Every structure is written in structure tokens, then in C-alpha cells.
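Some structures to go through are shown next.
Shared between the two complexes below is subunit A, which has subunit B as its partner in the first and subunit C in the second.
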Partner chain A sequence: MQTEQLNGVASKPAYGPVELNPKSSFHLFVAEQLLPKAMECLYDACQPNEGRKEKAVVEDASDPELRNLLATFPLNGTLYLAGTEPFLWRVASHARALGLCPEQIRLMAPVTRERHLFCCHCHTITEGVTYSPYACSGCGAMLEVTDHFSRLHGAYFSFQANAEDSADMPEQREVN
Partner chain B sequence: MRVAPKEIQSFRDDFTYTNSAAAIERFPFPFPEDEYRYSVNIEAHQPKGGEGSAFEHYIDIDEHYLSEMAERELVLKDMPNRCLVMEHMDLACWEMLERYMVSLAEDYPEHFTLTRDGDSWRWENKLLHIDDHFTFGDSATLPRPPLDYIGRQVQGDFALMDQREGNLFMDAGMVTCPADWSLAFDAGMSFDEWHGPVPMVHNEGIIDRARKYLMALPVGQPVRRLNWTLTVNARMDTSSETYNEWGHERASITPENVGEKIYLRVEVQVLDRMPRSNAVTISIRTYLLSLEDLVTNKAWAVRMHRTMKTLPEALIHYKGLTRFHGMVVDYLAQFDPAN
Partner chain C sequence: MSTIDQIDVKVVAIEQVAPMIKAFTLEPLKGELTPFSAGAHVVVEMDGSEQRYRNAYSLMSDPNDNRQYQIAVRLQETSRGGSIYMHDQVALGDELKISPPANLFAPAWRAKKHILFAGGVGITPFLSYLPLFKQREVEFELHYLFRSHQTGAYSAELAAEFGDQCCCYDADQGKRCDIAEVMSGQPLGTHFYICGPESLIEAVRATAEEMGIPASAIHWEEFAGAKPGLPFKVELSRQGIELDVAADSSLLEALEGAEVDIPNLCRAGVCGQCVCNVTEGEVEHRDSYLSDTEKQSGQVIMPCVSRAAGGRLVLDI
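Coming up: the complex of A and B.
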């Protein structure tokens, strides 16, 4: 998994270009919706001399069939993931729990820049966030979006933007 | 003279918390030089400062014991998930319980007694009127799971880190008095990830060095480091969870009340390797001292002024001091003859 940091907050994932693993005997390409073009290209370029390749669209990161597949994943297999950021990390987290090592999991850059937000006050996760501050779908607080990211929650940390002075609401900005 | 636990005072609402003269004297003042800088300021967790010092024992029990335990009960009653334990951390929690019970019973025999007969243990905590018999390693025989049980009897927050894949992961903890972070959010993160928001340290390689050092920490050689921030009012629970309740207090500081309302908040962090699980436990013990009380020590007043004056902008912002940092420096200036 790509976890190195380019700049800013160290927990924000950085996604480099994904390459095929030439040493693998099994290549599994999993996308949340239609395979994005980058993944189709990768799939087409994948011509394993020995072994196999497969592609699948799995809308639910906790899909039982996918879990079964991961539970019996070959030791030299490679898992390629495409989709939204929470999907990538949720599948990656299941894969890790089922015994894959970090080198076996390759994440393509998220297909949208929408974020999931974790509200530190009520612990609700709000989906589809593209700007800050953003209203919490749980407690309604206007949340300041940060770059502090939890792989477990697949979400970014956020807190009430005007908690120190209710009249002091930050100007709306887009988040990338 | 050793400080004895006193009656319950509050860390919220009416804030009746006070420090006695003896508590002020033993306060773990954190600044070793006039100019503030980040460092991996780790030292062996050995006794220091003699009888009554905050570093006399492995665990420091002081006059605020009953107050802090009462405050912890309030927080956990409201938010039980301030204590989180992933399944694979059970052994580490038992080891921590053992480490704490053994050292408390040795260091404070007047307050704590541990009687062991194989796995049949009896634990007496006279301060909280607890007397329990249980089987070591069997959570069903304790009133609560091991971390939840011992955590309610020891001052400070606790985090337990699992060591694997060349990193440390925060997979268990009890966190009711943090300096603005959330265990529920940070749970499961690697050492680098949960320090993600800390400015300056990443480029300077500090987090990397600290992680490597901790991963090589041997059994039986605990270490400690100090951390600090400033808190408005004697509020223990400055968690992210309750920031929407206490954040506005940062805007309540004036030149007239700054000495009374701003507290230097010091964390004595003790890191220790558990022998069987190989986990690293961190206890984060928080001490609060108002500036008013701090300046009764002339050397501290001078140093505090110089440290605050040279604090980098990024840290002022990160620690949440922006709204009152100038007033703190101005207040302290009157105690520094160099001004």
C-alpha cells in the first residue's frame, strides 16, 4: 500500500502510479463501479506467462464473495483496487485482515475527490464531501475538513469549525 | 514530604481544582532551556528528584488521585468508547494490569495491596474501596475487562501499541484527558499516522527516529518524555470529542484573567515494553498548573516567559494558542528581569 507522504499531514494517503507486479502468478483487479480506464489498460497489459488474471466489479467493499476470494488468495497474488477512497481502504483493510501483506495490495488513485468525513463530536461519517466547512449528517455541526486520514474509517478527521467563536465561521473552500 | 490524595475537586463546570504548595513544588516543569525546540526528549524512566518527586515511582499517585478518578468516571459514563480494545490486544492489557498492580502495591503499600497465589489474585485499592478476587488472564472474573478495570484506578491516559510490519499500531487505549485528539478516530493507526497532524516533526525526521527508538525498546527498561500545551481552565477532558463544548473558552481570556485561567498542561509520557505480547504501553499522565501558581517559582516564571516568546508560529497554531498567546507572553514579561 502506498503510504508515503508528499507534504502536509502525514496520514493523508499519497497515490502513485500503479504498476503490474511481474512476479505474481495471480492478478485480481477489483473496481467499485465500472472498471476505470486506467485499470482497463492495466488489465489489458497484464499478460501473465503463467497463472491467471481476473477482473470484478464489487459495489460493496464487504462483499462476501470477494471476502472468500481474499481468504484463499495465493501468497504471490496481487490485488489491484479502483474506486472511491473509502472503498479502497475498506477492501484493503479486509484484505490485510485476511492475510494479504501490504506489498500484495495496489491502490489506484481514487476516482473522485469526494471525501468521507469523520465527525469527532458524534462519530458519524458524512459522505460525498467536496468543500469545507461541511454540515455533519449526524449532529448538524459545520465541520472543518482536515487532511488527517484514518485507513480504518476510510475517512478524514473533522471538527466544529466555529467552536471557539460562533460568529467566526471560516469561508467555504474546496478540498482536494 | 509525600503528597496524600485529597478530597474530590472538579475539572469542569465550577472548576474547584487547586494545587497545594507541595503540589506546585513537585510540578514536572518541562522546559530545560530558554528557547523552545522540538526534540526526541526521551530519558530512562528512573527515579529522579528524591522522595515526593513526581518521578519518584513508576506510577505517580498524587493529591489529585480521587478527583481524576471521579472525572474519568464522568467521561466514561457519557462516552464508553473512550476506552477501546481490539481483540488481539487482550494479552497486552493483562500485562499492563499486572505491571501497574505490582508497582502500585510495591510503591504505595498504604493504599494498594496485591496478593497472588498462582493465577488467583486479590487486589485491594483502599483509596477507591475496591477489594476484588479474580483469575489472572480471565476477563470474566473481573468486574470489567482488564484495561477498563485498571484504567479507572490509575491517573493518566493509556494507549497500547501493537508492534508488527516495522511499525507500532495504536490498537487499544483509555483516553479521557487528552490534549485535543480522539482515540475513536486514531485507533488502529500506525505511529506515523497518528502523529500525522503534528507540524515540523516530519521533515525534521523526529517521528521516524522516535518510532525506531521505541521499536527497539527492551523489556524492563521503560523510558519517559514530557510534552506540554496550554489549557484554558483546569479542564482535564480537552478531547476532540468535547472541543465543541470547551473551544469557546479560548476566546474568554483577557489580560486581567490570563494568570488565573491559563494552565500549563504537562504530560509525563511513560513507554514500556510488555514481555509476552511485545506491545508497548504508553501512559500519558497530565499535570495542570495555573500561570498564577507557576510564577510563584521565579526561575520557572523567567523560563516560561522566554520559551513562550520564542515559540514558533506553527506550534502556536497547532497547539491552539493563537487567541491568547500574546497575552500569556505579556503577562509573563513582568516576571522576567531581562525585560
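Coming up: the complex of A and C.
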């Protein structure tokens, strides 16, 4: 059977090519794991005249060291981020809270297409999702994955698939 | 957009607060006024003998005070007459109509620090920011540029109340503001606000651009409304009528004069409410709302400030 698609929602982020900001006095490159090649290229291409540049690998988006780096960030600095989508948006959210403007935060396309799902029933976040429907790691409900993305949670909204008759599950499909 | 009723108010105080600026205190004829958000303005309607003026003025009283509103009007002798009417015709006890408050210049409350640049009568929206800044204990600096022979209202009071947080620059005493110096070395999360003449807005924006300060940290409000131009004719194709737009009248005023209701908030080419579709004729765009592509398309006009480039326009109204 075919469930109704809610995937017309346009909040799924689009990632364009990332450019350096030549006016910045500080360029901070942060990756979740090893710096991906695209970010290494960007880092090498960054030749600030008077400013400085720095790169860091931070596995946890809430790492206190990252927060310290951001706390001394100048008003005209630029933050470049690489990693999984939830990582990108969690770091971006911390950065916003510290006062960075949206255009100071430049996100490279996520390194995997795995999603975090936010379950609207139990509010648990399920990681590493590539299929819909997918079992919630909190309440076990088979969740329909939408393209409605929360920048705050770094996760996609999801809800009980075929709620009228949850015994009749739609066929699994890949989500991109 | 629904039309919200105008509010009838009475002028309960008029004060000359600078050589060219009068402050008006307005109280509702009945009931209470609504509280407003810092940076809000109202549109004041004035029935002149020859024409009706509608000018937007920032509310400068405490946003939580619902007993009265205060506005300040700078006399613009070369303008189309609204400010002259306010200065010469409006007397204590007179009744006026105002729109409910609307806000296109609210503080960015996520900011860690606020830096305000006020030019002359551009101090008015910031006067409504200050009580809230004080109440919320946020960090701010006020840089107030004026000419004491003309403007500079409340400069002494502000300096006395806010001390080091308020810097006054009186050009008539040769004091200049070094904008680059004010803007350099400010911490992450600083937002900048400008209210004043276009030259001041441009100077701050250019400095920000030069220093690499993010554009979304710069907020401004121009107090220039419609400027006069050449007279032209406008045809309303759906209504099948033709109107004359006089040199010192805006297209929006001409439409209002013919009882054609056009939603509007700012009357200064900023908010985008009054956009109209153009089917014929060249437009002289004077707004800061439409994108360059929209302007080039020639299919839309902001009638509050923009005019016909030729003698005639046809609007799809």
C-alpha cells in the first residue's frame, strides 16, 4: 500500500558549495571526524592576509573545547563545518546561541545521508536512519520519515506509519 | 490584509525639544492604547486644507505605557508638507487619527550587545528601545549624531541618564563620530542599528562591509518618506478610472484620495505591503523592498514612494 506523502515539506536543508569569506579575520574549520577532502582543500586555499586560520576535529557537537573556541570568536569570523547532518546543525545551533549570524556559519554537504529521526510520540531521537518506515529506538513504533527537518534538533520529524492500521506496514523505501 | 481601524487621539502636550523638532503627546479619545514593541511606528493622518497627509513617525515613549504615545516631528521645509502641517497647524487639544502601531525596526533580541547610531530625529525609535534595554540589563552603546542648531533632542537627558553608554556628537560644535572606531573590536554577537539620514546608513553599512561584519547584524530604518517628483497620470485598468498624481503627492496618496484601499504599513518603500501590479508604463523605482530583478521586470511598483518614469502608468487594480 502507499501512504500519503508528507514529503512535499521544504524544510530539508539544501547544501550549496562552500566559499571562503575573504573579509574574515578568523577562519575556523571544524570536522566531526577526519577533515574530509573538500574541507582540506578549502583550508589549504584559505590564505588570510591579516587573519588567522585553525582546524579542529571535534567528535561531540557539545564538546567544551569547541565552545571555548567559539567563545573567543571575533565578530567577523567564519565557521566552516563538516560532518553528519545532526552534527552540523547542533554545532550551528550552539554557535547561534553564542552570537554568530547565519552567514558566518558555512555548512559543507553532510558526509553521509543517514538521518536522525525525531519521534513525535515519545520524543526520542533515533540515529543512523536510511529507510522509511523505521523502528523508533524509544517506543518501537514504525515511523514514517518525513523531509521536515528541525534545525534545532538536527533531526527529521517522524510519526507512526499508517496509523489507521499499523499492522499493515507500507513497503520500506530508501530516504535520500 | 484586513484593514485595522484607526485610533482617534487628542494632542495633550506639544514641546519644542530641539530648534527644528517638536514632540507631541497623544492620548486616546476613548479606552486605552495598546502597548507596542520597541521600534514601532504609527502613521499619523493629517487633514490639510488642500490635501490629506499620512506620515509615519516612530513611537518614542515607553512601550509598556498604554496611556499615551509620544512622537517627534522634525520640520522638513523642503518636504511635501506633512511635517510643516504638524509644526504649524496642530495645536494643543486637536484631534488626530493614527494607525495602530506596526514595527519594522525591532531590536534583535538574540544579540549580545546592541550599538545604536542615531542621526538627528533618528533618535526617536531608540528612545523606545532604551527602557527595555535597561529593564533587561542588556549591553548597549548609543552614538547620537546631531546639529544642535537644528536637532539634538534629549541629548542632555540621555547623557545624564546613561553616562558612558551614550556618546553625543554635535556637528555644530565640530564633534564627529569615527564610525570605524566605534565598530572595530566589538565582541561576537554585537548588532548595529542605524536610524537617520541615508548618508549615515550608508556610512555604517560600508564600514561593516569593509570590516567583514555580517550583513544580518546591521539593521536600519530610514525616516525618509515619499519625495516629490513630476506629475503623471495613472489608469486603474480593472476599475476603469484615471487619476492625476500631483508633483508633491505620492501614487499611494492619489489612490487613497480616490477611495482605493491599498494595504500599507511604512509608507517609505520598506515593508512591501502596498505592492501593485503594473501593466503599462515605465516605473521610477525608489523603494528598498523590491529586488533588482523585480525592479527590472517593470511589472510591480511600490506606490508609497515610487512614481512613473514617463507621463503615464497603468495599474492592474
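Keep in mind that, in the parts below, the second predicted complex is superposed on the first by the 167 of 176 C-alpha atoms of A that agree within 3 Å, B and C clash if a C-alpha of one lies under 4 Å from a C-alpha of the other, contacts with A are read in each partner's own complex, and residues count from 1 in each chain.
As a convention for this text, a residue touches a chain if its C-beta (ideal position, glycine included) is under 8 Å from a C-beta of that chain, and two chains touch if they have at least 3 such contacts.
Just so it is clear, the model here is predicted, and its values are computed rather than measured.
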Which superposed partner A:Arg113 touches (first subunit B, second subunit C, both, neither): neither
Partner contacting more residues of subunit A (subunit B vs subunit C): B
First (subunit B), second (subunit C), both or neither touched by A:Arg52: neither
Contacts of A:Arg173 with subunit B and subunit C, given as first, second, both or neither: neither
Touching partner for A:Phe159 - first (subunit B), second (subunit C), both, neither: first
Subunit B versus subunit C as contact partner of A:Ala141, first or second or both or neither: first
Partner chain in contact with A:Pro102 - subunit B first, subunit C second, else both or neither: both
On subunit A, positions contacted by subunit B and by subunit C: 101-102
Subunit A-facing residues of subunit B, complex: 81, 165, 182, 184-190, 192-197, 202, 207, 240-244, 247-248, 250-251, 323
Residues of subunit A that touch subunit C when the two form their complex: 21, 23-25, 71, 73-77, 96, 98-104
Subunit B-facing residues of subunit A, complex: 3, 5, 9-12, 101-102, 118, 120-121, 123, 141, 146-153, 157, 159-160, 163-166
Residue numbers on subunit C that touch subunit A, as the complex places them: 110-112, 186-190, 209-217
